[in-house]
Each structure stands twice: as C-alpha cells, then as structure tokens.
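Next come two complexes built around chain A: one with chain B, the other with chain C.
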Partner chain A sequence: MNVIWAIAIVVLKELYRRKDFYVLFVLTALITLTMGSVNFFNDHSIVRYLKEFCLLLIWISSLVIAIATAARQIPAERENRTIFPLLAKPVSRAQLILGKFSGCWLACGVCLLVFYFFFGVIAASREHQWPVANYFQALALHWFALGVLVAVTLLGSIVFAAPSSNGTIIFVIAVGILAIGRHLNKVALQLAEPGRSIVYAIYYLIPHLELFDVRDLIIHDLPLVPWHIWALALLYAAAYTAFFLGGAWLLFRRRPLTT
Partner chain B sequence: MESVVKIENLQVEYRSKEFGQRTKLAVNGLNLVVQQGEVFGFLGPNGAGKTTTMNVLLGFVNATSGVAYLFGTNVREPIARQRIGYLPELTYYYKFLTGKELLRFYTRVFNIPSAEAERRIDEVLKLVELNGAHQRQIKTYSKGMQQRIGLAQALINNPDLLILDEPTSGLDPVGRMKVREIIQRLKSEGKTVFFSSHELGEVETVCDRVAILCDGELKVAGRVNELVEKYQTNLEQVFLKIIGYPLPP
Partner chain C sequence: MPCPYLCLAFLLTICATLATYVEPWYQNWAGSRSQQSSLLTTVMGDSRRLFANHFFVKADEYFHNGYYPTIFDQRDDARSLHIAEGAGAVEEKDEGETDFLGKPKDWIDRFGRHFYPSHHAHLGSGHDEDQPSPERELLPWLRLSATLDPQKIESYTVTAYWLRQMKRYDEAVQFLRDGLRANPSSYEILLELGRVYAEGRKDSTTARNIWELALRRWNEQEPQKPKPNKFMLLQICTELTRLELNEKHFDKAISYLELMKKTSPHPDEMQKRSEEIKQGKY
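Right after this comes the complex of A and B.
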C-alpha cells in the first residue's frame, strides 16, 4: 500500500508542478464570472440555464483532465526512462498501475471538489439554498465515472503508444457513451441481424457513464436518488474500474521494457 | 559464501525487426555466478548481451528460457530487488521533484521508516556531494549532478548488491574518480558490485573478476589478475583477443 501511495503522491506533485491544475482555476473563474453575470441580465429565470451551462463545463473539463492526465502516465514513464530506476526497486507492475490510477483519480477528486464548491457557493448566493445531499450524490457519481475513465485510459496507454491518440480515442468513446449510450438498445431494435446483436452486445458491454450524469439533481433540485441505488451505481463503476485495471495489468505484466 | 547473482542457462530472444528473420538471440545459454563481496565487471562489445542480461536481472525483460536469481530469489519476484541498487547508464529521474523529494520517494518504495529514511537521505546526499542542492528541482541540475543523484538513489536502501550500467559514461575525470571511490568503499563494506563498462582500465583497477560476453555467449569468466597473467598483457588486449578483434602483430 505504501508503494501505491508513494507513486500516487508523485503523480499529484507532477500535476501541480506542471501547472495543469491551473486549468482548474481558469475554469472556476469562468464559472464565477458566468454565474455573476446573472445580475447583469436582472432575470432570475436564467439562473437554471446558467447552472446547466456551468455543470456541462465542469463535466467537459473533468473529462479532459482525467483522460489527458491518465493517458500520459505510463508512456511518459517509458519515454523519460523513469520507469527503469522505479521498477528496479521492489515495485511490481500491478503496484505501478494502481499507483498511477490512484494519483490520477485523486487529482480528479480534488478538481471536482474545487469545481463543485465554487459552483455551489455562487449558486447558493443567488438562490439562498444549498442542497448539500444533492451535491454530494452528484459529485460522488461524477468522481466514480471519472475513475472508470482513468482506468480505461491507463489500459489504452498500454495498447497505444502515443498519449494523444489514446486520449482522443477515449474522449470520443466517453462523449459517445454519454450522448447515445442510453439509446443504443432502441437503435438495436431497428436494425436487422447481425447488426442488432452487435449493437445489443455493445449496449450491454460498455460502462454506462450516462447513469452517473445526474446534473438535473442540482439544476432542477430533483429529489435525491435512493441511497441504495446510488451505492449500487458506485459499485457498478468500481467493478468496471477493476475490470479495466485488471486488463491493463494483464497486458503490462509481461511486456518487455528495454533500456 | 552466498551467491548474490546466479544465472543458469539463460536464453533471451527478441523478435527481430529484420525481414525474413523471426527472432534474434540476444543471450545464449549464459551461466554466471557472482559471490558476495565481489566487484564483478561485465564486459563485451556493443550488442554482446550485457544490457539484456542486466534487464533480466532487474525484471525488465523475461528470459525465453533459463533462470536468474538475486540472493536466491527468482528475479521474476519483485522482492528479489529489495536488497539491490541500480544505476542506469542514462539517468533520467522525475525532474519536477527536488533531489531530496526524489530520494524520499524511493525510501517510501523501500518501506524505510521515516526517521531512518531522513538519516539515510542526508547520508547519501553527503556521499555524492549534493547536500547543497537537495532543495532544487532536478531539472536545474547539471549532467554530473544528475548522475550523482542517480548514484544516491541507487544507494538509498543501503543495498547489498549494486548493479551499475556504465556508471562513468559521460562523467568528467573527477566524477569518474568519485564513482571509483564509492565502488571501493562499498567493497570494503562487504557489498557486491556488478557493473558493465567499456572503460577497461577502470575495470582492471576496481574489479576482482570479469566476464566477457560476445554475440550473446559467455567467452570467458575469471579473476582479472589471472587473465592478465595468462595472456601476458593488459585487460584491454585480453578483451580484444577474446572477442576476436584482429590485433596488429
């Protein structure tokens, strides 16, 4: 556990020293500015529209941070050759993958905390209420969805050598799932065989990230998701994360590293 | 005496990039034993299989057949690397970390308790003469300083076996002397040093035994003084003779 934590801390240090995290502050400033502009319009009905816009921005930004961060972890270790002194120590490849995953996922968690906190403070200042439980459910589901994405990106980084191609492919897949994942079964019904079976198989195999997008909970102050359903959704994400990390380890464990 | 490195019938094949050739034999039937307390020179021309053998010992590459042990543990087990230090030929470390942070990271990897870790970090920084620069990020270090932080990380766990891949390449004469001093010091402490080098004069000075590889095969292994005596010449000439380089009459 010590080894995994040590690797995760290095990932976090790299992120804040490479200034990637400052994207977060720029975005936060943008959100603040957008929310602040409500007064300029002097129209309170526009608040919900702005909340929707800001949360969409948070989702897109978090996807970019999660995928871009995870995509370069292992290729950068290989390219910079830092992997050699590290794996020459009693560090297994599974620990390396778990350490990288933990670092990226923690970084995503920190980003989301800052995003949601700023967003919440400003929304509360306009609406004079802060449904903390709604925010908590939305944030946790969002964070676990990013966990799935970080894991699949790490797996992709072992398959594809270039972080840019890996990042682009995963980003397109993630946006695709978020946009049309829930409709794939309906699309399958309209197709002839074997297309129907293929689309159905895809529908049942992909991680349904759209389940974790509960922005409406905050935008429209909807009632909370029943807690047991919420916990099941987290378990669903954890299972997919474990599956992708396991795949990454299987591919990486026997891969030769030549100096 | 405990054998620190034991290699039995090691064979490593790589997939060849050349058309019509499926595999390339990098190491062929290598048998080698390095005893505790020895300074062992691992020699050979470029492409002889030295780095591949080291890569197997370090777990970077799996052997096609045969087996290698460090302190009696199969090198496939990460724990086999608990008592070793490794300095790669080209030293690249996390440049965004300071020298001290890098060393602290490696102490965590070795599970060294924090009080002991701080003592050890100060000790190795002093040994490699980087105690004035430990708060600076590694990206600001000169090449020599980066080599020295590399040596510091290799020594951070007080290893019983130090594996050095061309440790003096790219170093100035003072740096080379310093590395030689450290090797001698480790030897006097009973540690084992296994290193590859093309600096045969240096190898002759510091090594107890050498092995010479050529085309993936072990050509000779023995004590330096015995080889020099047998061939009635210096180690460089012995080396050239063994690898089949045509010497002038």
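Right after this comes the complex of A and C.
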C-alpha cells in the first residue's frame, strides 16, 4: 500500500509542477467571468446560462487533464528509462499500475475541488444559495467518471504506441459516449439486423459516462439524485475502473519494457 | 548577408507602399467585415444565423427545466416551441408530446433517468412569489438568438412577451424598437409593441396607433400570399376591438369584429359578439 501511495504522490506532485491545470483553470475562470459580465436587460440575477458555460468548461478541462495526465505516465517512464529502477525497488507491475492510477485519479480530484469551488462561488454570487449536497453529488459522480477514463487511458497507454494517439482516441471516445451513449439504444432500434445487435452490444458494453454528467440537474436547480441510486452509479464506475485496470495489468505484466 | 538592416528597411518600405494601395481598396470592398457593427457579425459573418435557431430552441429547453427532446427523441419536426406558443407568436397545438421519453427501454435507460431532467415541467412552476421570476433565465438565449439573426422576428416578440410578464416594460420597448429597426415592416413586432404600451405604460393612444399600423402592414403583405397569417390578423383585431370597447368606440369595435368574422374559424361567435355590442351588451 505504501508503495502505491508513494507512486501516487509522485504523480500528484507532477500535476502542480506542470502548467496544464493552471492554464485550463485560468481559461475557465476568464471565459466564465467574461460571460458573467455580459448585461442581459439590466438583470444581474440571471445565472443559469453562466452555470451552463462554467460547467461545460469544467467538464472539458477535467477531461483534458485526466486523459493528458494518464496518457503520459507509463510511456514517459519507459522513454526516460526510469521504469527500470522503479521496478527494481522492488515494485511489482500491478503496484505500478495502481500507483499511477491512484496518482492520476487523486490529481483529478484535487483539480475538481478547485473547479467546483470556483463554480460554487460564481453561482452563489448570483443566486445567493449554496446547494452543497447537489454539488457534492455532482463532484463525486464527475470524479468517478474521470476514474474510469484514467483507467481506460492507462490501458490505452500500454496498447497504443504514442501518448498523443492514445490521448486523442480516448478523448474522442469519451466525448462520443457523453454525447450519444444514452441514445445508442434508440439508434439500434431503427437499424436492421445485424446492425441492431451490434449497436445494442456496444450500448451494453461501453461505460455510460453520461450517467455521471448531472450538469442539467445543477443548472436547473433540480432535486438531488436519490442517494442509493447515486451510490449505485459510483459502484458502476468502480466496477468499470477495476475492469480496465485489470486489463491494463494483464497486458503490462508480460510486456517488454524496452521500446 | 552584406547589409541585413538595409534589406529589412527595403521590405518595410514595400509593405508600407502596398498598404497605401490595399487599405483603401479593402475599406470599400463589399466583402469586408470591418464595417460591421457587432463583434459577432465580424467574426461569424452570415453563418451566425445557423446558430440563432439553436439558441432560440435552447430558451425553450430552459422553459422546460432541461426536459427536452434531442434529435434522437424528436418525433414531429413541425413541433412548435412552447415559449413561442405562450407568447402568441405561433398557434398553440395540443401538448400531447410531453412524454417524449416513453417507458424505459432497458435497465440502463431506467437507471439513467435519475441523472437528467426526465419529467415534464415548466420554468417557474411552483416558485416562490417573493423570489425573482425564474423566466428571466430564458432571456440570455433569446437575446443571443436575436443578436445572431436580427431578421428572426420570433426572437423579439417572444422576448418582449416574457419581459412583459416580468413587468419590465422599458426593456421590452427598447428591445422591440431594436427589432423594428432590423425589420421595419414587421406587424408581429408592432403587435407586441402595442401590447407593451397598452399594458405597461397604459398609453392607449400610442397602442392604438401602433396596432393600426400593424393592421396596415398586415394588409400590405399578407393578403397576396397563398397562406396569409390569419392568426396574427385575429390577434391584431382582437387587441383593437378590446381597446375600442374600453374607449366606448363601438362602431370601430364592430368594424374590427366584421374583419375578424372573415378570417376567424368561428365566424358565428364574431357575429354574436357584434350583435351584443349593437344591443349595448358589451
């Protein structure tokens, strides 16, 4: 456990040494504040459009941070040859995968805390309320969705040759699932066989990341997701994360380390 | 390179010389965007109109608290927007499509409905009267729609309707006047402007003048069309009839009812109303 934690801390430290998070946070803040400064019919209590823009930017930024951070972990270790002393500590390959995952996931959590705090401040400045439970649910769901993505990206970093191609492919898949994952069953029903079965199979196999996107509930001040449903969603994400991490370990354990 | 500074100076001179020729030509060029009044027009050109409808629909989505069909759910392409129906910009249709989701198709569908708005509701239903009206949340999208496509008349009339509901008459008048500058012959905008004057400013004289102008504009544009917009004519005449009755100008009120009789789907009702006014029952 200590070994995993030590690797995770190194990844976490990498996050604040690199500029990705700062750039994305400043961009998100700048765009949100600029949008907030627009005057619509002299009404300064209009807030939902601002929440929508801010949450969209937070989602885009978090996807970029999660995928970019996870995609370079193992390839960078192999390229710099630091993976040899690391595995000679002794650190097992499973511990390395888990450590890298934990570090990336924790880093995403820290970023999300900052982003959601900023979002909360912006929303509260307009609507003078702070629905902490709603924000907590949204943040936790968002964080677990990023966990799935980090795990997939780690798996991809073992399969694909370059971090750039891995990052791009995972990003496109993630955006695709977020945009149309919920509707694949409707698309399948309109297709003839064998297309219907193929699309339906994809629908059941993919991790439904859109379940974790509760932006609309936050934007429109809708009630909380029932807590047991929320917990089930987290369990669903945890299961997919474990599956992808298991896959990454299976591929990595016999993979030669030299490039 | 024997004399790099000399070369740079020479290139700079060529640039300045060419600029004196190109700049005046560019200023007079029909395709130049530098003369555009707004940043959006300069950046997006005519492509901005494509997005105007998207933002108008976005306002309707907000009106339904996010419960809105996607392209995968939409069953009827001719489905009208509820914000526009409420504002009288389009005819009301039966609201039979509120449950566009239907029954869950599978367990993921059933489970997923907890994570997005999956029940039909309208903005402001059950809101506290002491709180600011939640309909204000529609305004940014409607404003954006009008900015992107100034010829989209619905954006002005629907926005003004909601501003009127919030009793923000000055903003409604200003916005409608912006709309009239972009669409000088629009009887729809005139109809809404008259309503703001009649309801908000209690200025029946200005309201009458505006509605009479709206009626003239309708007569100039619509009768020659294969499908004239009778719905708007009825609304203009209804407002004029109501106003003339309030002012006790019964002959004028009856003349508008006669006009409505020709276009209304219920001419008997119009006839009956005329008879009542003639008999002094108004």
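FYI, the second predicted complex is superposed on the first by the 241 of 259 C-alpha atoms of A that agree within 3 Å, B and C clash if a C-alpha of one lies under 4 Å from a C-alpha of the other, contacts with A are read in each partner's own complex, and residues count from 1 in each chain.
The rule is short, and it goes like this: a residue touches a chain if its C-beta (ideal position, glycine included) is under 8 Å from a C-beta of that chain, and two chains touch if they have at least 3 such contacts.
Since this is a predicted model, take the numbers as computed values, not measurements.
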Partner chain(s) touched by A:165 [first = chain B, second = chain C, both, neither]: neither
First, second, both or neither for A:81, with chain B first and chain C second: first
Which of chain B and chain C A:254 touches, first, second, both or neither: first
Contacts of A:17 with chain B and chain C, given as first, second, both or neither: first
Touched partner set for A:208, first chain B, second chain C, both or neither: second
More chain A residues in contact - chain B or chain C: C
Touched partner set for A:187, first chain B, second chain C, both or neither: second
Which superposed partner A:197 touches (first chain B, second chain C, both, neither): neither
Residues of chain B defined as touching chain A within the complex: 14, 51-52, 54-55, 58-62, 78-82, 84, 86, 88-97, 101, 105-106, 108-111, 137, 150, 153-154, 157, 163, 165
Partner chain B, residues of chain A touching it in the complex: 2-3, 5-6, 9-10, 13-14, 17-18, 80-82, 84-92, 95, 254, 256-259
List of chain A residues in touch with chain C within their complex: 38, 40-43, 45-49, 141, 180, 182-183, 185-187, 189, 203-204, 208, 210-214, 216-217, 219-220, 222, 225-226, 229, 232-233
In the complex with chain A, residue positions of chain C that touch it: 62, 65-66, 70, 72-73, 105-106, 108-109, 111-112, 114-117, 132, 136-137, 139-141, 143, 163, 168, 171, 175
